[in-house]
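This is the structure, below, for whatever I ask next.
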Amino acid sequence: MIRVQQEDFDVAAEIARLKAGRSDIGAIVTFTGTVRDQAGAITEMTLEHYPGMTERELTRLEAQANARWPLQASLIVHRTGTLRPGDNIVLVVTASEHRDAAFDAARFLMDYLKTSAPLWKQETGPHGSHWVEAEPDDESARASWQQKRAAE
Amino acid sequence: MIRVQQEDFDVAAEIARLKAGRSDIGAIVTFTGTVRDQAGAITEMTLEHYPGMTERELTRLEAQANARWPLQASLIVHRTGTLRPGDNIVLVVTASEHRDAAFDAARFLMDYLKTSAPLWKQETGPHGSHWVEAEPDDESARASWQQKRAAE
Amino acid sequence: MRLLYFAWVKEKTGIAAEDVELPAGVATVGEVIGWLKTRGPEFAHAFERAEVIRAAIDQNHVRHDARIGAAREIAFFPPVTGG
Amino acid sequence: MRLLYFAWVKEKTGIAAEDVELPAGVATVGEVIGWLKTRGPEFAHAFERAEVIRAAIDQNHVRHDARIGAAREIAFFPPVTGG
């Protein structure tokens, strides 16, 4: 399941929802991304996105992860709008019988989301606002999954 | 921080405790291990441990993870006693500025915990009880971290 | 044809979305960018470093050499930075 | 010297812990195991496949060739299966 929302999310509630009524899950991995204040340089972060395409990309990524690993459940939640240091930005949850699939899939989802979901961060600090630059590391993290796939 | 306990844990409460009063964290990874019913073959799981040594090993592993990755916070909670399908067994939480360290450290902790923390699972099903056998995969997962370390 | 702009592309063009009639002969995303640059100083500025601009046709990522075909909407934006 | 047994090692020996006087000449963990096997059928059974038994001296994992030295407690158990 995927959701794009302004509201905050509750990790425990999301886990409880994934587990509800089933006892075949052995491993649950969650990733939560949060706003860092960067030693006072950031007072606010605004997330803009491309409504419609964001949901479409996240749905596509989730389907890819489910095709590649034996997941029993998965969830991606991404917030938009104006956030403050300490606030949650993104949540990925993966559940599987064994830990390897859950860890791999969660990391894959984050690496792909970072380079393909149409969201943009604008940071505001004491000296004004600026758009965050994409990190070359994120591109190479994504590329490493394509190499692993090719090697399989 | 590490804890060995009979009581259940609450992932959201543990995350909230790690984040309390700080806004420098950017990434939080949690791993939750839960009891699988294995299609009805398991009705109960009992975890025996070596009191004193378990705490000692978990403390040692947590220190190793903190020496190897720039973690801002970490937590290992392992339950003991008698559990049922769907119940939580173990929780690992890692927090860092960036996702790579949090993912790597959480997986490292689980891989090492599986092969060095003195805990033993006994499964009970409709046909009686048996002690779970160690998995050779767990040994190789651990060994792979030693190879990565050697390669660094 | 609907055109959408996001993040600093939107800030520089000064608009979020518009409906346009593309000139004859404009067949690829790169050619749309080339035409947009001729539409005034804001557009020239927004698309100055065309190579860093990402595009999507009908909400799918595409490269600059992608053909527009029967596209309903084309979006232009900087490299994404979510997550 | 305090000896501890866990999981199926405990089940087979029938005891969780005991205080023993080791015979002279028993200097390593492996030699303790060799001596334990002579203490009756339960111990012979528990330590039959000595190579799969893991040991800890004073709560630190050790190999069978580890010297006992001034150990206060030695524990014997199967490969661990927590997590």
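Just a few scattered comments:
First chain written, first letter: the chains are A, B, C and D, and each begins at residue 1.
Here, a contact is a pair of C-beta atoms (placed from the backbone, for glycine too) under 8 Å apart; a residue touches a chain by one contact, two chains touch by 3 or more.
Not measured: the values here are computed from a predicted model.
Considering the contact criterion stated above, the chains in touch with chain A and with chain D alike are B.
Taking the mean of C-alpha positions as each chain's centre, the chain lying farthest from the centre of chain B is C. Mean C-alpha positions place chain C and chain D at a centre distance of 73 Å. Note: centroid distance chain B to chain D, computed from Cα atoms, is 26 Å.
Note on chain placement: the centre of chain B and the centre of chain C lie 48 Å apart, centres being C-alpha means. Contacts with at least two other chains are made by residues 33, 110 of chain A. For chain C, the set of residues touching two or more other chains is empty. Chain pairs recorded as touching, per the definition above, are A-B, A-C, B-D.
Chain C contributes residues 4, 6-8, 56, 59-61, 75, 77-83 to its touches with chain A in the complex.
Listing the residues of chain B that touch chain D in their complex gives 33, 47-50, 52-54, 56, 78, 89-90, 110, 113-122, 131-134. Touching chain A in their complex are the following residues of chain B: 10-13, 15, 19, 22-39, 84-86, 97, 99-100, 102-103, 106-107, 110, 141.
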